[in-house]
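Here chain A shows up in two complexes: once beside chain B, once beside chain C.
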Partner chain A sequence: MSQEQHTADKHQVGYGTYVLIWLVLLSLTVTTVAVSGINLGNFILFTALLIALVKSILVVNVFMHIKFDEPIFKVFLGVAIMTLLAVFILISFDIFFR
Partner chain B sequence: MSEAIHSEIAEKAASSAGHSHHVHRDDFGAKIGMWLFLFTELLLFGGLFIIYMAYRQEYSDAFHLAAKELNMTIGTINTIILLTSSLTMALSIAALQRYKITLSLYMLAATILLAFAFMVNKYFEWGAKFSHGIYPGSEELTSKSSGEIIFFGLYYTMTGLHGLHVLVGIVLLAFMFVFIKRKSITPTNYIKLENSGLYWHLVDLIWIFLFPLFYLIH
Partner chain C sequence: MGNHVLDTTYIDFYKEKGKYSGLFSWIFSTDHKRIGIMYLFGMVIFFLVGMTLGFLMKLEMLTKGQTIVDAQTYNAFFTLHGIIMIFLFIIPGIPAAFGNFFLPIQIGAKDVAFPRLNLLSWWLYIFGGLLAIFSLFLAGGPIDTGWTFYVPYSIRTQTNVIIPLLAAFILGFSSILTGLNFVTTVHRLRAPGMTFFKMPLFVWALYSTAWIQVVATPVIGITIVLVIVERLFGVGLFDPALGGDPVLFQHLFWIYSHPAVYIMILPAMGVVSEIIPTFARRTIFGYKAIAFSSLAIAFIGYFVWAHHMFTSGMSETARFVFSLLTFLVAIPSGVKVFNWVATLYKGSIYPGVPLLYVMAFIFLFSIGGLTGLVLGSLATNVHVHDTYFVVAHFHYVMFGGTAMILFAALHYWFPKMFGKMYNEKTAKVALALIFIGFNTMYFTMFILGYQGMPRRYWDYLPEYTALHHISTFGSWILVAGLLLMFYNLLMGLLKGEKAPMNPWGGTTLEWTVPSPPPLENFDVIPTVTHEPYYHPNEEEKH
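For the complex of A and B:
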């Protein structure tokens, strides 16, 4: 009984929300494929990565529940992403400004 | 099995004590553990993406040339398959939370089937490359420029490691299916399913970046 109480307190995401996010993810996929056909020069990589970033934010927040989880998970994820980002930025200085 | 017995004892202890915090079950800790594991995965793939970034900068033209060999249609279909499998995974957990166990099982089975479909596509995709003589160490490939060799090396390593994760995911989710059937995962105790879901979404997440970086360069 007490456990049911515990579960009921947790945030439950509706089916509709998931389906909606899925539809957005699909349309972003179609967009990124369509855009890749247009010659945008250096912006091709930029737009492709930007769309991938938006997609991953949606997946992490809704499918992976980060948006509804306790704040400590957001802190953990933030630290992990910042670490990865720091490594990327520092190394890219070496790569792009040799 | 021992875990199920364990939680049963804990449940009895909890109902006699009348407090939920006496339950010897730490879903919160389990989830933190799962996220920590996912961070190591992030760093593993992150390292590979750094190598990709460095070589793409050095061999930009060769990367564009080599990427033309990749089948964008299969890549797009596989993206759609993985995104859909992420949806069915999330729906499986949502259904279980609402005590719709049959629906949860159907959704989980759909996730596993979509994962299989992904691997079947991958098989045909790699098969076509192999029949064109493009595989690590092949005569055809080693006669190409260094940049192209590196592109295909990264392609096989990164999509291969990702494919391995999909295979592991299939096994993992099959176990979860059995656990739900055996009531080791229940509408009040589903952390195992939730954590498997987190893993599955990470596999989707990595593909979200692999897809544009390998298939969408022209």
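For the complex of A and C:
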């Protein structure tokens, strides 16, 4: 990637988008807090994690520029996420079978 | 591969005039070679402290009851011995000292990708180390939790826990930054023609290790923060009465600390893959198999952590799964040992000091690895858990494995790093003492362990007396050997003969530059045309 292209990519996201994403993140936080007051039974954890996932995707892609940067960063991130997932699965062999 | 420094009257990196002079020319230097040497000296000092503590512990165990220290001091001794040896010696170990010095040279680069970050990681290492030592002298007394910081004891003990934990946190950052630097360096700074499969196997090992450092180390950082929060605010993360789970701590701790075992051993395996072809005068057997086995060990090593927890109250299913996964690590490890031995087969072997260290390593590491299978099996694990058997096992793997190879690396690359030679005869005597002392000291512990002697106990029953005597006697021989080794190297440094460019007949790029190398390693960045262990005369001989 040439220097000019790189610079051009950096400016793909305008301030408007950043503010919009920030507002979406704030509203999702409010949703998390609001939902915690409702008795959803077994789905409470699932809901909280789902909202957190959406927020993470927004932050990683837009604020951390993963969407616009070189593919190798996606590989790095992928390795970290897959490792975390594997750790969760292996721990579940303990938690759910005690 | 020719000489890549054009001027015969070159200036070596020690004599190069920089911005600063004296001590500042070292502690503010961003040259990867100076940083490597600073790490090496830091580690040797910490090793000597850890060794002294170990020596005193063995002396304490010479007789039943109190010999030289009381029980509380003994608890502090084994904790500090563990923290110093693990966090300050063996984890930074080979990557920080030899990786920093040789990784850029072996891939034909002038430095690492981020030299300033490299210096920062050394500063963090020293700061973390000093903080750990500083905590010993604070009110409350030295930490007595063992290096594993297990809850609930680490939350309840009145000794200083938070500061050593912070020290470990800072040391973790140092490790992450080194890993980040190495991954980037390998991806970005390889010389023309240096494809991934033309890289020396030491670089492959460092690359695999760096990934573990980057991905696993943050977990210990988080775990440490959780223990500190728990100690300060009692939020109940690990307290069942408040909805927490003490086993959760063990999971979190070992999710890092088991891969950390591979941070320790993988670079050592890389050094072995360098030394054997050099001293067998032939190319490595199964280059790709060794390279991929490093990645495989790094990968599988992530998923076996709970084999440290078979008796901690984990579910039966988890114990079965982790026992099975643990056995899988034996496959890539076996691939490596097979290929090393196969490389020696029909080689024109020169039994130089580094190769003798490697031979000692293969012997000791094989014992360590096979007794690891005893511990990885559920049934036998329950019997020998938390006994001297475990202590013997991990010393065979870590000391007989990693530290032996660190010494091998020191003897292999000493001429290149310092431009001086050491006395080979004295080095062989030192190795013989180390090998005899090591086995006398630690093999006895296997027997003590399966007879039921628990680890971390200050006192013991009369039936263990004879074996404790033998073990302590072994520690004296071992320490004598280690001191002789360091003395010999120091004498080499001060009075040794000038080392030639390539004393061992090595074929990787570091042997194409003068000893010691110039500031930016190469006048002309080399173009790599053949594989790293290419011995041109090899085919004629066979």
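Quick notes on this one:
Everything below uses one rule, namely that the second predicted complex is superposed on the first by the 86 of 98 C-alpha atoms of A that agree within 3 Å, B and C clash if a C-alpha of one lies under 4 Å from a C-alpha of the other, contacts with A are read in each partner's own complex, and residues count from 1 in each chain.
Basically, contacts are C-beta pairs under 8 Å (C-beta built on N, C-alpha and C of every residue); 3 or more make two chains touch, one makes a residue touch a chain.
Here the structure is a predicted model, which means the values were calculated and not measured.
Clashing of chain B with chain C is the outcome of superposition onto chain A. By the touch criterion defined above, A:V87 reaches both chain B and chain C.
Number of chain A residues touched is higher for B, counting chain B against chain C.
Looking at the shared chain after the overlay, A:F97 reaches chain C, while chain B stays out of its contact range. Once the two complexes are laid over each other on the shared chain, residue contacts for A:V24 go to neither chain B nor chain C. None of the stretches 98-106, 116-124, 152-160 or 170-178 of chain B clash with chain C in the superposition except 152-160.
On chain A, the surface touched by chain B in one complex and the surface touched by chain C in the other have residues 72, 80, 83, 87, 91, 95-96 in common. Interface residues of chain C facing chain A in the complex, by the touch rule stated above, are 187, 211, 215, 247, 251, 255, 302-303, 306, 314-318, 321-322. Of all the residues in chain A, the ones that touch chain C in their complex are 72, 79-80, 83, 86-87, 90-91, 93-98.
Remark: chain A residues 1-7, 10, 12-15, 18-19, 21-22, 25-26, 29, 32-33, 36-37, 39, 44-45, 48-49, 51-52, 55-56, 59-60, 62-64, 69-70, 72-73, 76-77, 80-81, 83-84, 87-88, 91-92, 95-96 touch chain B in the complex. Those residues of chain B that touch chain A in the complex are listed here as 11, 14-15, 18-20, 23, 28, 31-32, 35-36, 39, 42-43, 46, 49-50, 53-54, 57, 72, 76, 79-80, 83-84, 86-87, 89-91, 94-95, 97-98, 187-189, 197-198, 201-202, 204-205, 208-209, 211-213, 216-218.
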